[in-house]
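In the two complexes below, subunit A is the common chain; its partner is subunit B in one and subunit C in the other.
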Partner chain A sequence: MSDIYIICVEDEPQVLDVVIRDLEQLEEFFPIEGAASANDARQLINEIKEDGNRIGLILCDHIMPGDKGVDLLVEMQKDEFTQSTRKILLTGQAGLDDTIQAVNKARLNQYVSKPWKKEELLKIVIDELTDFVIETEDDLLPYLSVLNQEKLQEAIRSKGYI
Partner chain B sequence: MPGKSKQKSNQIKFLTGLILGIIGFCLPLFFTFSGLSYAGHIALGIFLMAAVFWMFETIPIYSTSMLVIFLQVVLLSQQGVIFSDASLPTTTAKQHTSDSWLVPAEAVDGERIYIANDSRNYTAIDVKILDRADWVEIRSNELQTDAKIVSNANHKLVGYKPVSFSLFFGTLASPIIILFLGGFMLAGAAVKYNLDKNLTSVLLKPFGTKPGFIVLGLMVVTATLSAFMSNTATTAMMMTVAIPIVAQVAREDKFRIVLALCIPIAANIGGMATPIGTPPNAIAIANLGQQGINIEFGTWVVMMLPLVILLLFLAWLTMRFLFPTKLREFKLSLKVDFNKSRPAIILYLLFAATVLLWFTESVHGIPSSMVAFLPIAGLTVTGVMKQEDIRSLPWEVLWLVAGGIALGISMENTGLAMWLVSSISWDAFPQIVLLGVFGLVALNLSNFLSNTVTATLVIPLAISMGTSGIAGEGFSLVISSLAIAAACNMAMLLPISTPPNAIAMSTGFIKTPDMVKVGIVIGLIGIVATLVLSQLYWPFIIN
Partner chain C sequence: MNSSKKQGSLHLTEESTRSLYDKEIFVQNINQLITESELLKSLLKTFEEGEVLLEEGMPNKTLYVVLEGEVSQHKEGEDITADIGLLGPGEFCGLLSFQTGEPIFITIKAQSQVKTLAFDHNNFDLFYTKYPEISRTLNGLIFSNLAERYRNMLGLHLEVAKLTRELEKEKNQLRKTIKELERTRNAYISQEKMATLGELTAGLAHEINNPASALLRSVDYLSQNLSQLVESSAKFPSTTEIRYFFDAGLSREYADSIEQRGRMKSLAGVFSHLQRSKIRMVAEMNDDLIERLMPYSGKKSQQELLNLLIDAYQSGLFLNGIRLSTSRIEFLVKSLKSYSRQSGKSPEMTDIRNGIRETLQILGHRLKSVKVHLNLEEIPLINCFVGELNQVWTNLIINACDAMNDSGNLYISCGVNSANDLVWVKIADDGPGVPDKIKKKIFQPSFTTKTAGGDFGLGIGLAITQGVIEKHQGTISITDRDGGGAEFLMIFPIDE
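This part shows the complex of A and B:
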């Protein structure tokens, strides 16, 4: 069974640290990796792919040196490997045009504006990961204790196996 | 998520299972067991391989069932590679004196020889052995001049009459499978239109807000639903009801354990209540059906219900004692919102009609599997169940049971089951001891294996002990089959024992020792209660 990664893309090291710390209770089940730019992120995605693992969720800043966050998300939506990855934009400065592009072309799942509250971010990430495992996994039991249990039980019920 | 070491141990388990399975299959090819027919050796190979694969889950348990049917069709059917052009080797007995005959030594099987009626059929006759040499001198009144006798008593056609391959394939459409399919259709439609959730809300209301009664309510509702639906789906659905309650309980309060544990336990127990409750029940009914014994839906319920009620109550008391709560009251928000669309109404009517007909078989005499076709046809004709709904039914469970039934057929008709149990003189033991042994074996196996697989392996043995008479006087096929099926369903010691247990454990609210404590009480008292019922109650229902 392959690992499901969470990746966080953020150019400011202090902010990246806070994001990763806010999500650390998920680390045991979903390895968390950080990247400082879109280019870093591409390299990371390739490494994860080559190891035979998957990416369940990406938390991405928008304004960064080099390619913008939305460009990266659009690119990921086009790539089969990262199409089912849940995509969250975590930013304070994405303009209307960029946001529209993210929704239409990258199928953005959530938009979280800075500054965020830890509980809110955690809840959003957990819900998105829950949808990801329901969509892609056959055996949901390993996730009951970490993700949204009600949603998962509901999915087990409707699958209806003995 | 699983570490490298777990992957490695899985790999070792897979290879061990694979190698042992292949050894098991080949063993009877290299060793000849006396008293077991040629076909019995093949059936033994299939049996050993299937048992290993089922135990180690080398391949998914339903694919083991498919493999069993495949091997039976190829190796044991009349049209298969071994029996398709087989014919009995024959010779003529030579008249020696006025009342004795000479036959080849290989033609004699103990004090018996076989007269060939045609190339595949024979009649066994008892003879008196007078002298043994290269040719054996025998005496029998049944031998006539020119009688063709089978010249090799160990031939593959002796002791086994090959059956058509369609018998093995046909297990997938056997009455009990159709009964289950009817149950699946009803359960699938109930989930689709949220009938299960709404029923839960309605049924839970009278139980109030006190913790003890809420738990009792959860258990009663879970058991009732799981008697008609899959135990797993019922558990998952009831967990969505229990989770909001758990959120109201302090982390250190042991009542959290009760809430997470009561549901899988009730689901396991509730499965015993009806023939369609869980697959082991199907195995019991199918094996009895092969012997021409029909168990009515209502009869099954009447026999099992006291056991179900007793075990539910016992589990409730045990958990109350082990995990007391400090809380006095809960808020329950139960929304009742019955779907009133046309397909939902059709479902309600068909559901009610089917269950009513199932319970009144003694009045109208229509077998339950025929009734089961009412929802199968009714729900599809009216478009309540659509193509994608039918595709999402748990078909692999039907294959699992069908493979189990097919294996049972070969264990019986090759004489394998007989041979396996005949080494011990069972009639020295009273019936209740035999039942106790079968019950404990089934309970122990079933704690580690799939309940269905355990029933598949154990029930044919009990049946052949009964039919052959080696179990002694008073050994009832119905009682022993039901007792074993019940024992299989009582196994809930460990997270791996049943899928509902696995769900409960995965919630993170309970630890294995909590489950073991309650599981031991239910298993042991359950077996004792089954034995008591088998002596004092079941005989009156059957007669």
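This part shows the complex of A and C:
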């Protein structure tokens, strides 16, 4: 079975540290990778693709040197490999225009503003990953312990596994 | 109007006094007389259109009586020529100067072809003795002409009074309008200031949110880690080793994320029973630290100690994050305080380079993908309003960022001229530049290239910029930067 990755893109190393740390409890099921820029993230996405793994979720800052976060998300939405990836913007400041573009063109799933609370961020990430596995996985049972149980059970019932 | 003839007025009539003053009848009578009088025939003089009959300021020896056509009258004022109107058949030209000998009062020019009788003093007297009848009419006409002039003058007085009153009214209206305009302008300026403030606040929010996030989360984790650390360290034979890893975390340098991924893959084989999150930490460590971990890598029984050292490292790392974040916030707040310092009513002697540096700090969020080339030479202090000049730097830097779409090169330099009496500041970008056509109006209040309703700002940023610089007796100009882009040059006098 291929791994489902979580990618965090953030140019400030101290912030990247704490984002990854906030999500660490998911790592048993979803390996987490960090990237310091959009370019870095592209390379990472390619590596994950070449290894035959998938990307379940991206948590992305907006204002970074080089390409902006929203540009990266729009690009991912256009790419078949990352189209189903759940996309979350984690930012202190994205202008209205950028946000609109993110929603319309990148199918942005969530917008989390800085500073965030660990519980909130974790809940959002868990919910989004739950949607991702429901959409893409046949066997949902392994995720019951780590993702949103209620949603998963409902999905399992409707898929007719139980 | 010559053709409309009044009934029974073809002949000289002594009964009707009105007829004495009737120009048309006078002209008719003269015309009739001309056919019989050699004297009058000899006085006939025709002017072509545009010819000057009488020229203002010249002495006059001739009295013209217009018989056909029209003449124009012009009076030269100090810096204006007044058009006094036209004279037609039966009117006199040069009456006053002819009678009084004063210089000609107004210039008379033929408006069309004009037929006149031109009297000099001799034949005027001759005319009087020869044609007493028509001379009476002439007298009457002269009298009525003078009376008309007098009436006109009175009318003009009234007109002047009326105009003065209207002018006063209009002046008041204008005063009101100017006041209103001033209010609107001030409203725009404060709106623009608010817009700049909005941009700055939004930027600062981002600038502060990042370290604040790191700070908050790091504190959380550190407090967790520390209590665990204290608890578990009792099991560890030597606390120096824990201390060593803690210090290493505290002084770590951030690794390249791609490189780190490579290390993680190879380390996963060595530390096979470690959680992935711990391996990430190990991947950050230098070879010395990894070497120190190796004794614990293989055995599962040593895993607790291994985790302890990694946690110690991570604690140092979080503490380092807290330190960096705190000093970042402190630095930002300091810059902001200094940047937004309200300057008093009087200017102060200042090193303007500090303001430029602070502005760059405050605008850090806009400059993430902009390479700033700073070349600030030593310059003398300038007597200025610091806060206002900071707004100038802000406007110009934001404009440059807008022009470059937030990625490119920003060049800021300053220096002193060779005479040592002027300080110059240059702010340039390598964006698309400004077309010559637009350069001319770029400092006009309503000029903007930003589309309406889009970004912040109303397009009076550069007008304000210019206003502030002029307040400092300085100038601002825009040129093309060598190698493309726009360059703003500001020059300030150095006060003694």
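The rule is short, and it goes like this: the second predicted complex is superposed on the first by the 160 of 162 C-alpha atoms of A that agree within 3 Å, B and C clash if a C-alpha of one lies under 4 Å from a C-alpha of the other, contacts with A are read in each partner's own complex, and residues count from 1 in each chain.
Following the convention adopted for this analysis, contacts are C-beta pairs under 8 Å (C-beta built on N, C-alpha and C of every residue); 3 or more make two chains touch, one makes a residue touch a chain.
Keep in mind that this is a model prediction, so the values were computed, not measured.
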Exercise. On subunit A, do subunit B and subunit C fit together or clash when superposed?
Worked result: fit
Exercise. Given the superposition on chain A, which partner contacts more residues in subunit A: subunit B or subunit C?
Worked result: C
Exercise. Which partner does A:13 reach: the first (subunit B), the second (subunit C), both, or neither?
Worked result: second
For this session: Once the structures are superposed on A, label A:36 by its partner contacts, choosing first (subunit B), second (subunit C), both or neither.
Result: second
For this session: Have a look at where A:111 lands relative to subunit B and subunit C in the superposition and call it first, second, both or neither.
Result: neither
For this session: Could you tell me if A:142 is touching subunit B, subunit C, both of them or neither one (first, second, both, neither)?
Result: first
Exercise. Just subunit B (first), just subunit C (second), both, or neither: which does A:27 touch?
Worked result: second
For this session: Could you say whether A:153 touches subunit B, subunit C, both of them, or neither, answering first, second, both or neither?
Result: first
Seminar exercise, completed: Across the superposed arrangement, the tightest C-alpha approach of subunit B to subunit C, in Å, is 11
Seminar exercise, completed: Given the complex, residues on subunit C that touch subunit A span 202-203, 205-214, 216-218, 220-221, 254, 256-258, 261, 275-277, 280, 317-318, 321, 324-325, 365, 368-369, 407, 454
Exercise. Can you list the residues on subunit A that touch subunit C in the complex?
Worked result: 11-22, 24, 27-28, 31-36, 40, 43-44, 47, 63-66, 91-93, 95, 97, 113-116, 118
Exercise. In the complex formed with subunit A, which residues of subunit B make contact?
Worked result: 1-2, 7, 187-188, 191, 196, 229-233, 236-237, 239-240, 243-244, 278-279, 392-394, 396-397, 499, 502-503, 506-508
Exercise. Contact residues on subunit A for subunit B in the complex?
Worked result: 1, 3-4, 29, 141-142, 144-145, 149-150, 153-154, 156-162
